[in-house]
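Inspection log for the structure reproduced underneath, given as structure tokens.
Letters A, B, C, D and E mark the chains in the order given here, with residues in each chain numbered from 1 onward.
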Amino acid sequence: QNLKTLALVVKGLDNPYFDLMHQGCERANKELKENGYTCYYTGPATAADEGAEVQIVDDLLTKGVAAIAISPSNAPAIAQLLKRRKTNIPVITADADFLKKDRDLRKAFVGTDNHELGVDLAKQLKKHMAKGGKICLVLGNSAAANINERAAGTRDELSGKEGTEKLTGQNGWTEISGCPLYTDDDAAKGNQMMADTLTANPDLDAFVLEGGWPLFAPQAYTQVTNPIKGKIESGDFVIVSADTLEPEMQALKDHRVNALVGQRPEQMGYDAAMTMMKLAEGKSVENTIYTGLDTCTWDNADNCLKGSK
Amino acid sequence: MTSLTSHDSGAEQTHTRWSGLLANQVFWVAVATVLACIVLSFATNSFATSQNLFNVTRNFAFVAIVALGMTAVIVTAGIDLSVGSTIGLAGVVISVVMHAGFSIWIGIAAALLSAVAVGLVNGILIAYVGMQPFVVTLGMLSVGRSLAMVISQNRTIFEFGPDGGKLLALGGGSTFGIANPVLVLIVLALAMGFIFRFTRWGRHIFAVGGNERAANLTGVPVRRRKCSVYVLCGLMAGIAAVLEVGWLGAVTTGLGTGDELRVIAATVVGGANLMGGVGSAFGAVIGAALIEVIRNSLILLGVNSFWQGTFVGSFIILAVLFNRLSRSGND
Amino acid sequence: MAVLELNGISKHFGAIRALNNVTLSLEAGEVLGLMGDNGAGKSTIVKIIAGNFLPSEGEIRVEGRPVRFHRPIDARDNGIEVVYQDLALCDNLTAAANVYLGRELRRGIGPFKIIDYKTMYSRSRELFAELKSETRPRDLVRQMSGGQRQAVAIARTRLSQARIVLMDEPTAAISVRQVAEVLQLIERLRDQGIAVILISHRMPDVFTVADRVAVMRRGRKVADKRVADSSPEEVTGLITGALEVA
Amino acid sequence: MTSLTSHDSGAEQTHTRWSGLLANQVFWVAVATVLACIVLSFATNSFATSQNLFNVTRNFAFVAIVALGMTAVIVTAGIDLSVGSTIGLAGVVISVVMHAGFSIWIGIAAALLSAVAVGLVNGILIAYVGMQPFVVTLGMLSVGRSLAMVISQNRTIFEFGPDGGKLLALGGGSTFGIANPVLVLIVLALAMGFIFRFTRWGRHIFAVGGNERAANLTGVPVRRRKCSVYVLCGLMAGIAAVLEVGWLGAVTTGLGTGDELRVIAATVVGGANLMGGVGSAFGAVIGAALIEVIRNSLILLGVNSFWQGTFVGSFIILAVLFNRLSRSGND
Amino acid sequence: MAVLELNGISKHFGAIRALNNVTLSLEAGEVLGLMGDNGAGKSTIVKIIAGNFLPSEGEIRVEGRPVRFHRPIDARDNGIEVVYQDLALCDNLTAAANVYLGRELRRGIGPFKIIDYKTMYSRSRELFAELKSETRPRDLVRQMSGGQRQAVAIARTRLSQARIVLMDEPTAAISVRQVAEVLQLIERLRDQGIAVILISHRMPDVFTVADRVAVMRRGRKVADKRVADSSPEEVTGLITGALEVA
């Protein structure tokens, strides 16, 4: 039969995180088929390629899909496209949202608040290190807005002030020189950079990983953290990381990372697909659909994810 | 000589016009592109819509504009890997300048100047210092992207000050139903086609690519010509950046990442030879068009996104293969 | 006054001394045959006069003025035309484009000038005809036979009013018929008051057209005398080193 | 000839040994690398620690291993842009096979086979069909990455079945205090250095790069040799992939993205010339080392991350520039 | 029986007919001088015999057996050695490496064989000495003079026991001294029963060593006679077209 397409456009196919959204999209497909829809997962080959994502959205609007969900790399650019195309096709954002001024261009946002994720990471860090310390933020692609938002959340929370550019001693927190590290979403590079930073700065107290890239390479990460394993156990060194993917949970159980704050990408993919179907059928939906955050620590490692899967 | 992979010049023909045409890669790529378009018009009901054609032409315009400059570089047996970063740098420069409240003209001037500056550094190191183009431009790829981060402090910029509307209209608007970047491409392609064929500069870059030593001995200002192609290529990247920023309506430092390979692919699919001495403006445009038509069609046909790369890669190879095989009969 | 003078020219390439204190002078309307074993330094002399290398030591004068040629075009601006031993052709261009390389003809007004292909083709055809060569101006050089290529290189020197023409083995690859044409051409050049240096390994050619013959051995000039006062046997002896000095 | 950018062969020397050495890019890059290491040992108190040296050597081993294969390709005047994707594909293959419960040997065999297959396709299209290496391998870059996605269904794989421990020990472990990938690199570099210099195959690829027509006329099996270098380069990418997967302990389809440019940069910084005929195994290793030392030092010195790209790019250019200038005196 | 026979060979390049129904035969120990204007098709004949092109029409026989050479190495395996007009040298290799290109010497046991540089260098030095050429085996070809390069190309043909040696203008760029050596070499080859085709534009050379002379004009063979029955004047006439057939 002829199924109507609900398109889910992610930032880049090369990131395992988005693949969890893909799995949600597949899970939804079973229910969608009965109603005559199918969820089509796509995106540019790499997340660095933001122009390509705009072109893909443009093509899908032309092709005429039933609804479209977008995780924008360059949010204002996608918004600009929608303004130009003045399309009737319902659009939602998933995972990452438009800027405040552009939010009436989309019918709903499915995802988490990235700023809040950063705040939660900071809260976990503060739990382990009340007096502050020398830290290093680990970021992804330098152009990724959601990661930069998380970094902002972390900095705001640690300094206690909105709009902090860089931590320079507020509440005892300092970002060392050479940081933040940009891993370009590359696990190998992330680990190499962390190892170098540890070597260069024996007085470093904590890493805040705004995305889990280094942990996606568990063996390399193990080697990087071997020299500081004891300090992590004793609470003298703290690593907190975003995301709760399987290799990361393993690292948590091994006490190589103190806390994880994860989104629920699979749920996001599922909810995005379901929201799109509702819109395609003319039903109304809530403006913001939060899929929530999971906070995992050494204490609750075995059951912190139950809610999301 | 069957054993030699000599490629025919797109610039000069011997023999009859007809056999020359058949031996010309540009011709075969053009045929492939037209065939693909015809097939797609029947296979999908959205390809031949005016909206889709509008999109397709606009999408390849950016790559094709840079490919015009790249053609000049490749004709001299050079290569420019820094164009992607130059696009990023120029895009950031125009955004920062206009964001600071300056007019669009000052913004464009600043963007083009920064792009030309990158080209000039490339050109001087390659032509006057005598370094390998690949190394120099690979270094500049890294430098250009880094400078873009420094200048923008890695922020996304989406407010372009008082002249913002003009910038969006320039890159995103259309005239007579044709997207503005396409019109710019047409003008530039005609100009470059003319320049390649009918000016001294054009003839000289082919000579430099054919036999640099001979060109130098016969009084061609080889260094000046070699330097100029990198400046030109930088300028084209700057023009593409201005238009692309206007189209996107926002700039991050990721703008143009990986474009160098796309641009070089378009140029080479369009018949330019990396050993130098062969290439044409029309080829660059048609090469960019073929690659974009393939990309577009995969989405229109709803091909599984994991497989899309396989199709794009195979079609690029096939387009060039087709031409090789058709020629091997008479050599 | 000599149109061209070399005073004490030397040239090293790293450890190799290709030329050693060479002094040479050439009058207008004189043909100098330059001979010598392979690797004796003949082409190196040509390349120094042509502005291709700077000499390591020594001085060049053109019509009495000391000159320093940093680029080949400097030499050409001083009226020096060269046929290089390796011909210096661009394989990817046509015969006509190669003839006019570096001094393409243009037409048009003011700054809007375009290449004048028509005149370039017709003029090249005339030049090839003058050399009795069956070279087609529109053919790509890549597909040409060795002799056709040489005709293209020689045709170049006819484009401008040269004062000095250097020919590095111009007859090496061409057929009997065209050898005669090139020799006649050299005679015509001489009659127009142009000075010619002809490098050749063909004794009969040199003795037919040259007024003077100079012999190089291992980077040194070992003889320089009027053809009338020498003989092929003597020159052969000088080249092979059987005779030490003439 | 001051105007010509001819680069000297690293493989054969005339004149005295000493002047040959001074004219050799590899020598200068090695000097630059050693100098950088000495300066860093004084400027930071962490560079010369055994842990840091362990990290640095292991990090560049992956790139250097592939650069050995790339050197062979570049010596024949070719280029292989598909190595990054080949690493991704081979990494995915070994993971999927071992995840399915097969032994590490079957996993390694499958990974190397898939890598060799990519190389073979490249080689056949380039050597026997006569296509331009740039186009073919650019196409395969796209195809390889796409196949990796298809095979893994784009999942992250971090469980390698019963032999998982062996794989992790192979890539992540060390022997006599030296990381295993470094040991593999040393063995392969010595082998390739020997092969380049003392086998027929080695001499032939230099001949093919120097003058393909001449090589063919004198009975060198040009096509076979050209094909073989791409197979070798694929194989090296496969070996690097196996080690890298063992080191990382997990595979995503992003593995190796962008490595092609890193590898080519290392090869070219190490003295190989993209026009063919020049290159050496030692050069490839030293080129990779220099680039890694620069990257490492920027972090050790705490350089602002926006500026890091500027330094990396500039140092790559400087390394090669230094060599150019030192040579321009005597040509 | 003829060692080499061409029967009705033609060759087209697209619209160009480079060879038109050429028939030629060569006995063991015979030297054939092949002459003709530039572009007459001489090098094309050589390239066809050398396995560089397949003929468009016609048949080649070596010692009576019909052969089809798909690659140059096929021709060499049949005892055919060639000195190409463009010399076919790799600039980035040494003189010795070029001499042994495609048949490098190796030493060692079983499958573990390494290149035997020492023997290659010493053997090359002998070959160059035999040709009275001052070429150093370890020098890069890139830095050599025209004549030194030619010596390298000629030295190659001496490596194996050839039955047929084709020389496409082997004396074009070399000095008087070495021309004599090459001509003597050709005579020595003949005395060993090897058949030689010598392409040259130098009438005296051909008349010195050749037993027979064949003349090409515009892709056709217009004459083929014993040197004793001909004269330089007749051959010149045939080349230029002043004489139609001999």
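As a working rule, contacts are C-beta pairs under 8 Å (C-beta built on N, C-alpha and C of every residue); 3 or more make two chains touch, one makes a residue touch a chain.
Here is each chain with its UniProt name: B, D = ABC transporter permease; C, E = Sugar ABC transporter ATP-binding protein.
Here the structure is a predicted model, which is why all the values come from computation and not from measurement.
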Graph distance between chain A and chain C, where chains that touch are linked: 2
Of all other chains, the one whose Cα centre sits farthest from chain D (ABC transporter permease): C
Chain C-chain D (ABC transporter permease) separation of Cα centroids, rounded to whole Å: 47
Geometric centre distance via CA averages, chain E-chain D (ABC transporter permease), whole Å: 42
Interchain centroid distance [CA atoms averaged], chain A/chain E, Å: 72
Touching two or more other chains - residue numbers and ranges from chain A: 13, 45-46, 142
Residues of chain C whose C-beta touches two or more other chains: 16, 52, 71, 143
Per-residue multi-chain contacts in chain D (ABC transporter permease), two or more chains: 1, 3, 142, 145, 149, 154, 213, 216, 306
Complex interface listing, chain D (ABC transporter permease) residues touching chain A: 44, 46, 49, 51-52, 55, 59, 142, 145, 149, 154-156, 158, 168, 171-172, 244, 246-250, 252-255, 257-258, 295-296, 298-306
Footprint of chain D (ABC transporter permease) on chain A - complex, ascending: 13-16, 19, 22, 45-46, 142, 176-182, 184-188, 191-193, 195-197, 199-202, 216-223, 227, 245-247, 250
Chain B (ABC transporter permease)-facing residues of chain C, complex: 50, 52, 71-73, 76, 82, 84, 87-94, 97, 101-104, 106, 113-115, 138-140, 142-143, 156
List of chain D (ABC transporter permease) residues in touch with chain E within their complex: 6, 9, 11-14, 197-200, 202-204, 206-207, 209-211, 213-221, 277-278
Contacting residues of chain C [partner chain E, same complex]: 13, 16, 35-40, 43, 85-86, 133-134, 143-148, 150-151, 169, 172-179, 201-204, 236, 239-240
